[in-house]
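So that we are looking at the same thing, I have put the structure below in structure tokens.
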Amino acid sequence: MNVDAIVKIIFAIVSYALIGLILALIGFLIINGLDDISWEFLTTFPSNSMTEGGVWPAIVGTVYFVTVALLFSIPVGILAAIYLSEYSKDTAFRRLILAANNILSGIPSVVFGLFGLSLFSITFGFGTSVLAGGLTLGIMSLPYIISNTHESLIAVPESYREASLALGANKAETTFRIVLPASFSRILTGVIIATGRIIGETAPILFTGAAFYITRNPAGPFEPAMALPTHIFVLSAVYPDNVTPKLEGSISLLLIIVVVLFLLVAIRRKKEMKKLEV
Amino acid sequence: MEDTIFAIDKLNVFYGEKHALKDVTCKISRRKVTAVVGPSGCGKSTFLRTLNRMNDLIASYRHTGSIKLLGKETLTLDPVTLRKQVGMVFQKPNPFPKSIQDNVTYGPRVHGVKNRQRLKEITERSLKQAALWDEVKDELKKNALNLSGGQQQRLCIARALSVEPEVLLLDEPTSALDPIATQKIEKLIEELSERYTIIIVTHNLQQALRISDYLMFFYVGELVEFDATEKITTNPSDPRTSDYLRGIFS
Amino acid sequence: MTFAALLTSIIVFGIFYFLVSDGVRIFGKISLKDFFLSTRWYPTYEDAEFGILALLAGTLSVTGLTLAMAIPMGFICAIFLAEFSGKKSHDAIKYIFELMAGIPSVVLGSFGLKYVSRWLMEHFPLQIWTGLNVMNASLMLSVLAMPYFVTLMEDALRAVPIDQKEASLALGANMTGTIFRILLPQARSGILNAIILGTNRVIGETMVVLMIAGGATMIPSSIFDPVRPLTSAIAGEMGEVELGSTHYFALFMIGVVLMVISTAFTLIAMKLKRSKEK
């Protein structure tokens, strides 16, 4: 028997088995909680010590946190990436920025939480709030947005820039009117991916912005909010023995959102590939 | 009467929809130098790579027809065995990032030779046949990437020879080298043809005319003409061949 | 725009600053040696002690077991993807791995808490005294870590110039031999990079270990012992700590340790990449 054929079969079995397990896991978690997801579930507050009611405040809170985070990281990230790709020369400064970006992307999520607590909650005085939590989350998503935007920008063919400059436009105009729009699609995909990542993050908002139980949604960014991931955490940790239905529903919901976001990314990528083949 | 080493019958090669080689039928003689020439895109590299089944690596590749090596059908043979008999040297020298010695002994080791004495003998023999021994015999442990381009290519030839193939396929072996290195390799090819069958693809017509016994002229996937080099150059049968010889095509 | 770029470095230094400034205050109350070398972590006792050695052991044990499981698996999948799989299955498998990386850690923690721990206690052949242990955490962490290994290792294999593969095959070597004798050695630095980055990710993971590593401050003597890794100490205790207390400083100091570790890993990976490019 052919060595290559044997190796190929064994490796294939391992790979497919792993994939199968993961799909089974995701499928199980989503399906398990599906029967909990109802209009009531999505739009009411939890009640009766979390054994009844819904997750509306968690959904709202998650939206708030992610919005604040993106409001920070998208503009800052894009500007920083533009600087890196269009304006900077290969100096020590540039290398510093790239190194800092790399380092930031490897820092544990709980360390971000400590930093957010220390800087936003305490020093800036925001306390436990959507603002503090959102900004912490924003800082966490910054490195990815910068790298992805940077890559998207340098993928724009040099000939576009040359054509624009040859027509008399200056660098800023070239960047904002030609290069940025040309890379917009990829940048958007990157934002979607970043969103997918931070939507499930717990540690950064655990002590900077998330509340475990509130009776009404925050009136402004200076108040705390609930969030889906922290809600899942609380339900799991507080009721370890009986499998609370609301927990399964919450997990299911979160996973569905993540899967949908990924599908979106996959579809967008397929479209990009098709465009390049033409 | 010369020995036939390759008997090719109605060979057709497809890459997906593209019909790259059309109905190629010919007999290649043993221990002679056969040059494969033609304008860019005519299928000469495809032809070469079909002989040692390197095309199998390409997903869209399909073939019909038959290629017999010394009577055995190659297209259904195990490619690993085939490649021991039919070796290949590539256009850009591609030695492994290992020592000179390890480059040459890689082939034999993969095929089961373990005895160190034997490996040493093989190394010396192959490097001598490739006219490289004198230049590197004291530095066999040196990394192959430190050699010059021409030396690296001769190392690749030695490497191919180490498994003692019947046939050596050369895919534009000197196009990445300077004229002096090229000259050395052309001389080497003449020497090697006494023991091995050489089939060389080249876009350099002068080179083909200099070193080959037989000439295969391909045009847009068709084998237009195949005959002794002298005969083709003095009296080509096909007008396309004479056009090419006169330098009209690239 | 320059400022936006500069912001990333500012943030990195800022994190260091805030963490260290609060963290070093612990050394006013306890010696360096005691902090790092003592296994007695009893922050809530009257006579509190703050030795993090046991916590460190927790991080190391969980990380070690995760790597032992995820690296070989990831390796096999990477080889399968790079050399043996057809286009369609390749894309499908890759997509699933990306999805795998997107699963929120809190969801994995919850699954481990509710299901894996029960399975370990009831159906596992050995007698285990708690289902929340190194093994459980490592299993779930492997789910998080494997996509890193697979993607990066596959990239490393594909980065080897194709003419090396051709040269080997043309000599009559089979695919398996070619992979192990020619491709893998040349992909070494990329694989190392994958391992470093994956390890960094595992060390920094918080929620999974918080929920299922067990929480016991002890040096494990078996993989079925509960542990409390550094990240889960912070996440678990931060909620109950008084601002400005010794415990508070101790947790910040742990944050410093984590930050130093992850920065070191990132810098080593960067250095390796740079020296390869020479």
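Order of writing sets the chain letters: A, B and C. Residues in each chain are counted from 1.
Here is the rule we use: a contact is a pair of C-beta atoms (placed from the backbone, for glycine too) under 8 Å apart; a residue touches a chain by one contact, two chains touch by 3 or more.
Worth saying up front: this structure is predicted, and the values here are computed from it rather than measured.
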Enumerate, in label order, the chains that touch chain A and chain C alike. none
Of all chains shown, the one whose Cα mean is least distant from the combined Cα mean is C
Chain centre separation in whole Å, for chain C relative to chain A (CA means): 19
Can you work out the whole-Å distance between the CA centroids of chain A and chain B? 54
Taking each chain's mean CA coordinate, chain B and chain C are separated, in whole Å, by 50
Where in chain C do residues touch two or more of the other chains? 174, 177
Among all residues of chain A, those touching at least two other chains are 2
Scan chain B for residues touching two or more other chains and write them down. none
Taking the complex as given, what residues does chain A use to touch chain C? 2-4, 7-8, 11-12, 14-16, 18-19, 22-23, 25-26, 29, 75-77, 79-80, 82-84, 87-88, 96-97, 99-115, 117-119, 122-123, 139, 142-143, 146, 196-197, 199-203, 206-207, 229-230, 232-233, 235-237, 240, 243, 247, 251, 254-255, 258-259, 261-262, 266
Using the touch rule from the top, collect the residues of chain B that touch chain C in their complex. 52, 54, 57, 59, 79-84, 87-88, 90, 92, 94-97, 106-107, 110-111, 156, 159-160, 163
Contacts from chain C onto chain A in the complex sit at residues 1-2, 4-9, 11-12, 14-15, 18-19, 22, 73, 76-77, 79-81, 84-85, 93, 95-100, 102-107, 109-111, 113-114, 143, 146, 174-177, 197, 200-201, 203-207, 211, 231, 234-235, 238-239, 243, 251-252, 255, 258-259, 262-263, 265-267, 269-270
Under the touch definition given earlier, write down the residues of chain C that touch chain B in their complex. 86-87, 161, 163-164, 166-174, 177, 181-182, 186
